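Shared between the two complexes below is chain A, which has chain B as its partner in the first and chain C in the second.
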Partner chain A sequence: MKPAPFGYARPGDWPEALSLLRDGARPLAGGQSLGPMLNLRLAQPATVIDLRHLPGFAGVAVQDGYCRIGAGTSHAEIEDGAIPGRLGAILAGVARRIAYRAVRNRGTIGGSLAHADPAADWVAVLPCFDGAAIALGASGERRIPLADFVLGLMETALRPDEVLRAIELPVLPPEARWGHWKFCRKPGEFSKATACVLAVPGEPPRAVLAALDMPPLVIADAGALLAAPEAEAARIVAGLALRDPWRAALVRTALHRAALAAWEMEE
Partner chain B sequence: MTAVGAADAPPQGVGASLRRKEDARFLRGRGRYVGDITQAGMLEVAFLRSPVAHARLLGVTKPEGAEDRVFTAGDLLGVGAIRAASNLAGFRVSEQPVLARGKLRHVGEAIAACVAPTRAEAEDLAAACTLDYEELPVVTDMLAARAPDAALIHEHWPDNAFLETRREEDLSDLDGIAAAKVTRRLRTARHCMAPLEGRGVLAEWDPRLEQLIVTSSAQMPHVIRTGLAEILGLDEAQVRVIAPDVGGGFGYKGILLPEEVVSAHLAMRLDRPVRWIEDRLEQLTANANCREHHYVVTAWADREGRLLGVEVDATVDAGAYSSYPFSACLEAAQIGSIFPGPYTLPRFRCRTVSACTNKPPILPYRGVARTGVCYAMETTLDALARQLGIGTDAIRLANLVPPEAMPYRNLVGKVFDSGDYPEALRRAIACFDLDRLRARQAAGEYVGFGLGIFCEQGAHGTSVYHGWGIPMVPGYEQALARFTPDGGLELRTGVHSHGQGLETTLAQVAHEVLGVPTARIRVVHGDTALTPYSTGTWGSRAMVMAGGAVAEACRLLGERALAIGAVLLQAGPEAVELAGGAVRRRDGSAAVALEEIARTWYRRPQHLARDVDTGGLEVTAGYRPDPDTGTHSYACHAVIARIDRDTGAVALEDYVVVEDGGKLVNPMIVDGQVLGGLAQGIGTALYEEMPFDAAGQPLAGTLADYLLPGATEVPDVRLDHMETPSPWTRFGQKGIGESGAIGPPAAIVNAINDALHRFGAELTDLPASPARVLAALEAGRRR
Partner chain C sequence: MSRMPIRMTVNGKAAELVAEPRTHLADLLRGALLLTGTHLGCEHGVCGACTVELDGIPARSCITHAGACDGAAVRSIEGFDADPVMAALREAFSAEHALQCGYCTPGMLITARDIILRLPDADEARVREELSGNLCRCTGYRGIVHAVLRVLAERRGTAP
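Showing the complex of A and B:
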């Protein structure tokens, strides 16, 4: 379980990082997914680009009703309140349930999204917000709606010559309701079913169903789910035609309980 | 003469909850494990392992230019195969090549050893080898292993079984007289033991001593030494095995490893220190080797729940080879002798099979066969109780060996030394408000209460093991005790302490006998060059056996000190006594400290009497309890489980263990042993499972897939102790090291079934994963 030989680059600015990327190097953020993949020799890049020393890789800024979260912001920073307001409280609650603190200290929100494991927490939760992934390429920044970012198992809308620079989410009013539920048997086990529901006053409520071995399923208008959580969850999940009855039960439960939690205004 | 006052320090002897001496280094991260030890010029080994479960191995192509750094079976001249026979009638012994020869019999079997200055480079070499093999049909299911069309794993065998045992008894009349009869088919899942530290070996040849020095993460260094010497063709004196700090054993390290043999051979051949450190991937893919049992149990009872007879058909998946020294049959064959459990079973029929499959070879895991047996017996008893409409407590009380029958010989000849089994059950139940639980159930809650009671034979000796006829039979356990010239006490023991706290408890035993403060006692273990022979630490034996041996060595040492002390006090032998770390005149007029006596023997011999015992202040003594059939500790586990009916998840609301380990040498350490074992038992009950696909591939390759219980999964357990001394051991202590791991699956699944049966559902297979619980509920709904 030792990696195959690889080169290590630590660019000091973004243009240098992008030029390394064009040469086929692999970005490294917190290393909490790439590290194991290197050790298991599932990934054998010639060069790894350490993004962690790039200016503005981590950090949070709020402007024009949007919160811009640097891709390199760690789960732990989010857990500890790096993001202000209601949005921050919601995301802190999600971050707290990712693995355990040692993983959260290093793992990043951008790394998690770019890794695109359908069971990962950020992958599941972020599409619930009407936000965007900010990709950086040679021609500058590009906005990719979060609902369209993860395309499949470990597959994203990023082009090979782009890095994920930041995630932009709308600032939420204090009354925004939120429900989030995931099933895992112990911390650090990947979720077997995740659902979340966001209801912002004046907007149609949104819901996401994830950890399905496919890209997260975004329910753009989840009004019916909030009105009749149990029946609507059953209807939606029946439509997925999941083969494993246990997984189907979990997914149904996830959606049902996330909706109930949104009513109870958990977090 | 110095006057020595009686010490009024806190107690340090047998029964004191002394803090563990070894923790000073462990808590500071200063333990020294194989992975911490390096030697100049050392090479690291990576093994090329079999990617398939069953194949004919046609060839290995070494990377070009690296032919002298890659070694296959054909390169290991003069190295034998590992053989662990048993003299049980009909046992078939396998030849386990240390590197695959001709055939591949399980995924992860070592094929080639690649050496390089670093492990990463060694892995590069392994990755660059190419394998030529022809796949064969795979045997993954122990029940199908003996089918007539099953591929033969050892081709000269008539079928895929190491051993079949039978205990016959005609039970055909019971159907006519029993008030209740149940039959259950039960399964436990294959595990991969997971000590924090994996295996590891560092081998080197010392030309000065003409000795092979093997530093290994091992539980039984002396047995490994014998095995290595035999297989490498060396004199045993030419092999020294050192087991430094070992980060957990549990049976995983109670084995002569193929990797040990290969590393040792390469060290001699290359004349360089050679090290292999197992990583988690190797561990999970090549070593899921225990706990997989299948039972068909039928039990008959009368109206009061008294057992009339039990019939068991048990199969154990023993994997591809017979491991040294415990062999492939120990686990299955034991089922025949321990299934009756703590009960007065009148009639018993039992057939066991040690099935041979394309899986890693079986090793005994903490609890050994008992965890599965307790699960099978206890869940069957609950099924009987439900059928009879009596309480699960009542059916046990109707069958438990009563205290007045102790010592009790059961129908298969096991002798229980002492204890009050019914009292353990009553105490456990008294910890719960069961009326409240029944009210919750009546209100529709998915909650249940479960019991599991068992006894654990530990420290069983010669009279038990000679019958198995495996490569190792424990005899007299020896310990050496000696005073150092400054009056400190050194104990040398062949058992190894890897979490059991023996550096503390053996010091407590010595303190009890000699009065030397434990701070001045050192326990030396883990080195065949420094310690007397011992079969090592396994079978919950160390505290009984090594504890007894240390006590005996210290007693004899005390007599010698007494004789010297008497001379120094100018008193007759009958006028002095040993107390409080000094030899004292009985009339209290004078005393001489043990330090002074030691100084006299070593450095002022002119003061010794002419007729002094020339053995001096160093004694090796042997010990074996009489009878040596083993102690029986016992415990009752009781638990309330709550089930999430939507997801099948099981939560343990409240867990109680009432345990009787006889006289507890250090109650705090016993608590730790029970709790640690209990965590593993919870793993067996709810989490641990290595699934294999139809091609024999293990499917859980990381600890994200192979779930181990952690701090968040183990509830706060309420522990209660009874202390019924064993009449047969030095202080009345009993072996208790495995106990915690035995009870949980039985108690937890009984609790689950108590919740489920009202919905027509019952669980039979372990672990009780959410998917299985939900499937059981679903099946109940359809019924």
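Showing the complex of A and C:
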């Protein structure tokens, strides 16, 4: 299980990273997905570009009601509270259930989103927030709504000459309600079905269903789900026409439980 | 493919190596530095046998390749001889029968030490959750969980 030979580049600034990218090199962040793919020879890049030493790759900044999370911010940093307030508390709870601490120490939120495994936790959860992925290319930064970022199995809206620079999420009021359910048989496993529900006062509640072998399904107005969780979860999942009944049951139950979890917080 | 110079601090000492960028850290430690305490199980991040401390925090050495390690500080199981938490864990692993073949043990110890320092109030459920990224084929985990709980209790000054 040794990788095919590859070259290694460590750019000192973003323009250099982008020019290496245009030459066809593969970005490397935490290596927690790319590393296994290299070892299994599922990925055989000629060169990897190590993004970890680029200025501002990791880190969190709050400005004008938005929280900008550097793509290189690790799952463990988020678990340990790098993001302030209610948003940070919600994301810390998600981060803690990703893989294992040794993997979370190096794996990054941006690497996970760019990898676009439909069963990955950030892929499932981030579209529930009305935020954007910030892509960086030769002509500067471009905002891609998170609901439109993952296009399919390991396919994203990033262009080949762009890197994911950051993720921008709206700061949440303390009253924001959140429910999240991830089905896996062993802690730290990839999800078999994930659902999450976010209800911010004064806005239509949002929900996401994920780990479906297709891009996450965003429900932009989940009011009916909060009003009648069980019936509405059944209706939504019936509409997906999933082939396996056990799968449909898992997805329906995840959505139902996520809605209940968001609901119960109100009491 | 061309080789590159890699400078690391390994167990407190400077190491200057020349390696192919594709060589992973576990092979650098085992092959180039003859530090064979780091074990390899799955070589794709799942089993935890290869866990070392990389820049002060646990990491999988099988999926971190040489280039990314240039300039890093690495601590493998051989680097914890004088560490008091590891000394307590060694005692507890022995008392609680937390190993049989010992293959998983270096990774278990490095994970266990991180649990003790990061989560001093962890209960049994949390210890089991935190150990879930380290696979053991022999012990059934009970002894390992008890060993970690024993050291946590010792440090809190309570009986296990």
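Side notes on the structure shown:
Rule of thumb we're sticking to: the second predicted complex is superposed on the first by the 265 of 267 C-alpha atoms of A that agree within 3 Å, B and C clash if a C-alpha of one lies under 4 Å from a C-alpha of the other, contacts with A are read in each partner's own complex, and residues count from 1 in each chain.
Note that in this section contacts are C-beta pairs under 8 Å (C-beta built on N, C-alpha and C of every residue); 3 or more make two chains touch, one makes a residue touch a chain.
The shown structure was predicted, so the numbers you read here are calculated from the model rather than taken from an experiment.
Of the two partner chains placed by superposition, only chain C is touched by A:76; chain B is not. When the two complexes are superposed, the chain touching more residues of chain A, out of chain B and chain C, is C. Once the two complexes are laid over each other on the shared chain, residue contacts for A:41 go to chain B alone; chain C is not touched. Once the two complexes are overlaid on the shared chain, A:52 sits against chain C while remaining clear of chain B. Of the two partner chains, neither chain B nor chain C is touched by A:201.
Of the two partner chains placed around the shared chain by superposition, chain B is the only one that A:245 touches, whereas chain C remains out of contact. In the overlay built on the shared chain, the residue A:1 is in contact with chain B and with chain C. In the superposed model, A:183 lies in contact with chain B only, and not with chain C. When the shared chain is aligned, chain B comes close enough to touch A:253, but chain C does not.
Shared contact residues of chain A, touching chain B in one structure and chain C in the other: 1-5, 36, 40, 186-188. Chain A meets chain C in the complex at residues 1-8, 10, 28, 31-32, 35-36, 38-40, 48, 50, 52, 76, 99-103, 105-106, 186-188. If you check the complex, the residues on chain C that touch chain A are 1-2, 4, 20-24, 27, 43-45, 48, 51, 54, 57-60, 62-68, 70, 111, 114, 118, 129-130, 132-134.
Taken together, the chain A residues at the contact with chain B in this complex read 1-5, 36, 40-41, 183, 185-190, 244-246, 249-250, 252-253, 256.
Those residues of chain B that touch chain A in the complex are listed here as 118-120, 123-124, 127, 279-282, 646-649, 687, 701-702, 704, 707, 709-710, 712-713, 769-771, 774-775, 778.
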